[in-house]
Amino acid sequence: MSPSKKNPLTSFGDRRKQQIDELAETSVGDDAGVSLIASAWRRLRRNPVFLIGLAITVLFVVLALISPWLAPWDPSDNPMIDEVRRQTNPVPGPEAGHPLGGDDRGRDLLSRLLVGSRQTLFVGVFATLFGLAGGLVLGTLAGALSGWVDSAVMRLVDVMLSIPSLLLAFSIAALSSRPSQWTVIIAIATIQVPIFARLLRGSMLAQRVSDHVLAARALGVNPAAIVFRHMLPNALGPVIVQATLVLATAIIDAAALSFLGLGNPDDRQPEWGQMLGRATAYINDYPHLAVYPALCIIVVALGFTLMGESLREALDPKSRR
Amino acid sequence: MIRFIVRRLIQMAGVVLVLSLLLFMWLRSLPGGTVSAILGERQTPERRAALEAALGLDQPIWVQYGKFLERAVHGNFGVSTKVLPGTDAFEVFLMRLPATIELSLLAMLIAVSLGIPLGYLAAKRSGSVFDNSAVVFSLVGVAVPVFFLAFMLKYWFAVEWNILPVSGRQTVGIDATRITGFFVLDGLMTREWDAAWDAFKHLILPAVALATIPFAVIFRITRAAVLDVLDEDYVRTAEAKGLTSRVIRGRHVLRNAMLPVTTTIGLQIGALLAGAILTETVFSFPGLGDALAISFRDKDYAVLQVLIMAAAAIYVVVNLLVDISYAIIDPRVRTR
Amino acid sequence: ESDRSDEGGGSGDGGTFTFGAAGAPEMFDPFYATDGETFRVTRQMFQGLLGIKPGTATVQPELATEWSADEAGTTWTFQLRDDVTFHDGEPFNADAVCYNFDRMFDQNEAGQVAGEYWGYVMGSFSNDPEGSLYKSCEATGEFEATIEITRATSGFPTMLTLDSLSMQSPKALEEGDANGIAAEGEGFSFPDYAFAPVGTGAFKFGEYDEANGTITLERNDDYWGDPAKTSELVFRVIPDESTRRQELEAGSINGYDLPNPADWSGLEDDGNEVVIRDPFNIFYVGLTPENNPALKDLKVRQALYHAIDREQLVQSQLPEGAAVATQFMPEAVKGWNADLAAYDYNPDEAKQLLADAGQEDLTIDFAYPTEVSRPYMPDPQALYEAIRANLEDVGVTVNVKTASWNGGYLDNVTAGKYDAYLLGWTGDYDSADNFIGTFFGNLNSNDFGTKAYPWGAQLSQDLKDADAIVDEDERAARYEELNQQIMEDYLPGLAISHSPPALVVGPGVSGLTQSPLTAEQFDTVEVGGE
Amino acid sequence: MTRPTGEPLLSVRDLSVTFQRHGEKAFTAVDGVSFDVRPGETLGLVGESGCGKSVTSLALMGLLPARGNTVTGTATYEGTDLLSLSRSEMRDRRGRDIAMIFQDPLSSLNPVVPIGLQVTEVMERHRNLSRKEAMPEAEELLARVGIPDPRARLKNYPHQLSGGMRQRALIAMALACQPRLLIADEPTTALDVTIQAQILALLKELVEDTGTALIMITHDLGVVAGLCDEVNVLYGGRIVERGDRHRLFAHAAHPYTNGLLGSIPRLDAPRGERLEAIPGSVADNLPWDSACAFAPRCPRALDRCREETPVWEERPATGLRCHNPAEVQRD
Amino acid sequence: MTDVLVDVRGVKVHFPIKRGVIFDKTVGHVYAVDGVNLQILKGETYGLVGESGCGKSTLGKAILNLETPTEGSVEFDGTDIAALKGKELRRKRQDIQMVFQDPMSSLDPRQSVESLLTEGMKAHGLADDKEATRKRLRELLSAVGLPPSALSKYPHEFSGGQRQRIGIARALSVNPKLIVADEPVSALDVSVQAQVLNLLEELQDEFELTYLVVAHDLAVVRHISDRIGVMYLGGLVEESEAGELYETPLHPYTRALMSAVPVPDPAVEDQREQILLMGDLPSPSKPPTGCRFHTRCPWRQETRCDDERPELRVVEIDGVTPGHRVACHWAEQIAAGEVERHEVTATMTEQSGPDEVDDGPPQYFVDPL
């Protein structure tokens, strides 16, 4: 149905672009007439994988929201600083009031882990939102306007896609002169922009030639309304799924950035990735400093991934047979 | 076909050129870099100025870019300040390339040789316990931060159990002749079996860590592709012909399922470079990833620029190779 | 597996000492070298006219046995050893010495920038003889060299202990076009000589395996002194800190520099030896009065100083052996004033002082560097956080600023962009001038922005004058006075602490003597014995 | 044309297929279907989408998915019950004794394998021919089904052929081992009328020449009218009417059959005549077990139709499942 | 009677095929519609038939300017639609509406029936009065035979036939004069097909509509149309009143087409003389020269057919009315039996490319790197 499938040229083109385009095509199902969400939900409700993912995600979000009240200590306060001795006892162990002990600055580890969920969610959500916003703007422009706007936007996207994503994120973070949590967010968001843009454009193009858009045109509906009321909402499916998955990768990527020393240098507000990144310096004698945040990351990333993957499967028209 | 390759190569040149310009402008607009690296605490405005003048950094940026291009044409891409100080960045690239290729090849080999068979089996038994656990396992593989996994592997296999070396490419003191820069290959070529085996042992842990994500992705693509192909009418046709399951598996299922898998392998090869930054750092493995990590941290801009451009070029070339191999396996593309 | 014994034990007599380096050396010509990774390697192959007594920062004879100056302190005569040959068999004599000095003095444009340490201690090169401390060198006998300098200075001849000013084989320098350095885009391209160094030290150059990141040095069997205890000395580049530790524990290296203080106890528990050096550095909070006029008030600066709980800081954030600083130089340096007391931690007084100055609502932009660890500040952020908390306790509003070390931090410090910042200094040689002279001597541009103070010019001049005092004791006394003045009357910055950088060696390694200047010689090291 | 008589080649009795998906209600797609096919006979299975035509054929071929379904009944082929054969025994028969042609000629051909190999592999499998021996035969076969320049075509890939040619290639594959029974599941639905005519003509010719029995599955009554000897009309998984084609089209008794006939615009009917549409859609069906599934849409429905399952009445050469059939003239 | 509502003159729609080394350039065209002239009279149903890919849909869309014609004009009530743009074009579209083939994809799944139906009315200012709109909606629903409760439902809650009714109601909502129905029943079950065809006929009377019905099923077209145009490879080959086309098809292609349509009547089937066409439909990007049909024509002659493209013309043959036009050089001779039918050797069209390359499953784009 969709243009890219019909156009044989794309079948021998850049693979990465093509993969995105194919994903985009999942927005027009074999039976696009059936409400995607409704039918997807019907199947998801009974899918244990999805439910586990959903449970983890909900738990995580709730934790992030209430953690400041849960945490016994202020995560930036260092109640155990007196015990910290660079040489002899750099990382205080568990004791009364500090069930997991402290970190290398005498801060309560449990509190930091709890409150860390909030910042982790923050980074994940904002990185995804920014990436999504950038992708939406570019993708909508390209998908709606076609012509030279489309070409220009897509060339830009192509250049961005020609660098492996994570490498691009590292470069952006490394090349920003003032590292902060926002550089992390922007670095991770930037690598999502071309993916979202291309995804959305592909899926908009698929919508553009679909009969219901044709019908709206035939009705004399004005083009802006067609784009925003008909094309965009129907094109969002794959984008939303991708966004769920990006939430997972964003958290992992943030950790990688921190590990390379490119993360947010200010660690008063803890973030799991950053905690993990910093803890690698102590991995020989105090591996628990790394293991706790790593486990948190793994579980949450897994939650988002399980949810995203099962969403994708549910939205994929092929699996609806 | 030739047209197509030419087209892609021209595109690649374009991308690399645009990238070089963007990177150049960006890097030069950043503070620090070379000057800071050389002067350290000893920096004063005068020394700074002198050094900048000596390095031509005080000239307008387009003049600098022009000079950069001019030098680049002659194979000089600027000198590394941190990774291999004093060496031309492109030479650094060439020197570090074999290590990363060696590592990526092994990683890819692991990912492919596990991912494809497991993916096929999982699809064949879709819904079974094996399938479900394999899927969850692969998702966990994606969720574990690569560098953390690398640390764990290193901790258990190298530090605790001491079965494999901790870091590097070759044990100090082993007699090894360098020919190609591929240590394992060199060892085999010169019949220095010790050296080859030692170099190979150094590859194992980083390769395993590096392989997790490609493995997970390849596994799941294979599984999805096989599932899809199993549903195809032509498989039903093959069944209706009463063909043996061996023929059906090989000729009808796998050959078709390999198409998307090939694509994915290509993409993952490109992406390996980014993963290598993390694994090579953890294992202090002197490859491109390690070089990149160092230049990120210590702002070795010359190396950074060359490596990012090279990464883009490699990515495009790998993609091109995938496309060509695609043409070889997919007659619909080949015969167009 | 039998790896361990292979790697640690080594071949031939004496075995191999393998040392984990954090980065690759630039090249092997110490004259152009600027960083510790390079010097650590060249130091094993090269020697200067003067050396440093192991375990101290004190000067001792090396290639010169005796030296003396005329009254004005500008003509120096060196008696040289007569039993020294370079690794390439060339004799070491007065001609060689003068060849070396002339070579160093006579640099092309790129060389003048790259010859960092010469420029730093000597001021300038042959194209600008006026600005240069070095004037000439003459072979006044086969083994007697006379060096003329343009003015008396405390730094001479101590500066001859600098690795950069080591003696190299004239023939090799000649053949390898040692001065043929060129600036190329981002950095320098070095001549062939830089990768085939020839010196007089206990080790000679073996090979540099760039692909594997190893540098191999071999024992110099013709060494004039006691031969090296190991037949091979290998440096292996391991950029990752925790990996160095693991390699040490796995036995594939025998030691590494600057272990993370947090690892010290773990390392010792595992049977390694953490060698703690005497501190020869200073960590301070620099201030930029021009940027924030409130800082021009001495009371404010004192308030900030009193606000910082340095005892606590030293205990919790710095390794054992670290000490609270009383002045801008470590104890080992001549001119250190033993009578100075440290500013005490006194938040009340700090508040009072701020109130007196009318700066109760003081706000400062306070910066620290990321992506770096220096011997005087192993973990900048940790130190920063501690100081920041102290400052906030007395009501100072702190705007957190940060940048990466090579990515703008140093530039911003030099350009005076921060009100306050963390920085420090490791001494090059035993000279007060190398510390306070460097900090405050140059009126027009120094990191403390002293020209904004009324006393800035005076201090600068006083430092120059002190430097020119020929008599050592007189000079030391003057420096002590200056130190007192700096701390009590001027307080251009807040000297915080001295930290002892450490070095670690694995079990079975013996004979290593630490150097406060982090200039260890490995020829005395023995490996094995298990 | 005379109807072949004699022993049935395949005799299907009470074939039922029930799908049981995890967590969903069991669904009986085919419900007690019985029919016989004799050599040289063409049997039609007609009905609207979803009435169980394909499931019937797949069940006979043993090609239903391995899990999630139960097949009951018997299908006796030359004395053996196909439905009770093991997977590997069935594998030996498929392609040799019974062959099948599918609906979509493009998707039914492996896109990455040349046509030649796809034809010869059946011969290699069932006739123990080497590929070399099989090739000339394959070439002949292609020529036989009307593919021009067959030698060149052997090396072609499916995408290089047009829809009609692909369907011919599929037919060639089905014929490679001279099966005695051919099942064609909507072989022309994806094709244009002119091409459909070609394919139908080809099938007809083949049946006449080789004496192969053909089960023709289609929803197009027109196709059936020209081709089949006996027609079975399916509705909701059950056969509702069976008849010799002349009788069925002339005097259909079941209201559904009549409805179908009335719904189809005919090229030869005078224009403007209103079509007699069947009201409602398949979704309105009642379950067969306590009513006539067709009752809600049936113009002749009685109260009884909603309360009692109509039974199958076998008559010579016809059969019917209806409480209130249209008057049938007996001849 | 001779009120021409739509006058299509020389319409061509060519789709460029692009490829290139760096920049895409046009290397050829798909000649989807290649010079069509036809008039649709007020109140009539004009049927367009032809095989898949012959350009029927494209022509239908070109009439609404949903595909802008490469050449030619489409006059609707005196205005050239093909030349309109932007707002004016949208205005004009109120008069022409379209009904689509696939009842699934032609309705936006995210809109309720009410908003589907009011959207067009709003666009043309027909929905300003709330009460009136409501009434109108109810009228529309009852006209297409749906209960009023349907308004608040979503498309997926309906069966295929019902969805097609919604599509028709949507088309009717703006009071069009012409409805272009592109394969309105081909996706429906036979039993439902008839319902929709009946509905279309009823509505035509009720709302005084003119139809252009596009379909590949000759029987359907013949059933519903007053006049029929037969298309082959982008051009009209024959046009006639419906009954006459069936009685006396003049063009060889029409004859073949007629004879290929199966009739659900064994009696007819058994004695029908079939004209089996050999070979495949040529690719519309490389249409044959001369008469487009000559490669498959059983009446092809040595002269003219291969190189001269026949005009659509009125022929003088007994029993053929002046409204009957045909594009065949030898129509008279064939009708008179002067030109003999002969065998055609099937030639194969090398398919120029994969019409659909499916690279397998949608790629799971977890791109953690």
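Labels for the chains are A, B, C, D and E, by order of writing; each one numbers its residues from 1.
We take it that a contact is a pair of C-beta atoms (placed from the backbone, for glycine too) under 8 Å apart; a residue touches a chain by one contact, two chains touch by 3 or more.
Fair warning: this is a prediction, and the values are worked out from it, not measured in the lab.
Among the remaining chains, those touching chain A as well as chain C are B.
Most remote from chain D, judged by the distance between CA-atom centroids, is C. We define each chain's centre as the mean of its Cα atoms; on that basis chain C and chain D are separated by 91 Å.
In terms of their C-alpha centroids, the spacing between chain D and chain E amounts to 31 Å. With centres set at the average Cα position, the gap from chain A to chain B is 23 Å. With centres defined as mean CA coordinates, chain D is found 54 Å away from chain B. In chain B, the residues that reach two or more other chains under the touch definition are 30-31, 142, 159, 228, 256, 259, 263-264, 267, 271, 274-275, 281, 293, 297, 299, 330, 332-333, 336. Residues of chain E in contact with at least two other chains: 353-357, 359, 361, 363-364, 366-369.
Within chain C, residues 246, 249, 371, 403-404, 407-408 each touch two or more of the remaining chains.
Put simply, chain A touches chain B in their complex at residues 8, 11-16, 18-19, 49, 158-159, 162-167, 170-171, 173-175, 177, 248, 252, 255-256, 259-262, 273, 276, 280, 283-284, 287, 290, 294, 297-299, 301-302, 305-306, 309, 318, 321. Chain C makes touch with chain A in their complex at residues 241-242, 245-246, 249, 260-266, 312, 315-320, 322, 370-371, 378, 381-382, 385, 389, 400, 402-404, 407-408. Of all residues in chain D, those touching chain B in their complex are 61, 63, 67, 90-96, 99-100, 102, 104, 107-114, 117, 121-122, 125-126, 157, 159-160, 170, 173. Of all the residues in chain E, the ones that touch chain D in their complex are 51-52, 159-162, 189-195, 197-198, 201, 216-220, 222-225, 242-243, 246, 256-270, 272, 274, 276-281, 345-351, 353-357.
Across the complex, chain A is touched by residues 4, 12, 15, 18-19, 26-27, 30-31, 135-136, 139-140, 142-148, 151, 155, 159, 228, 231, 263-264, 266-267, 270-271, 273-275, 277-278, 281, 292-293, 295-297, 299, 304, 308, 311-312, 315-316, 319, 322-323, 326-327, 332-333, 336 of chain B.
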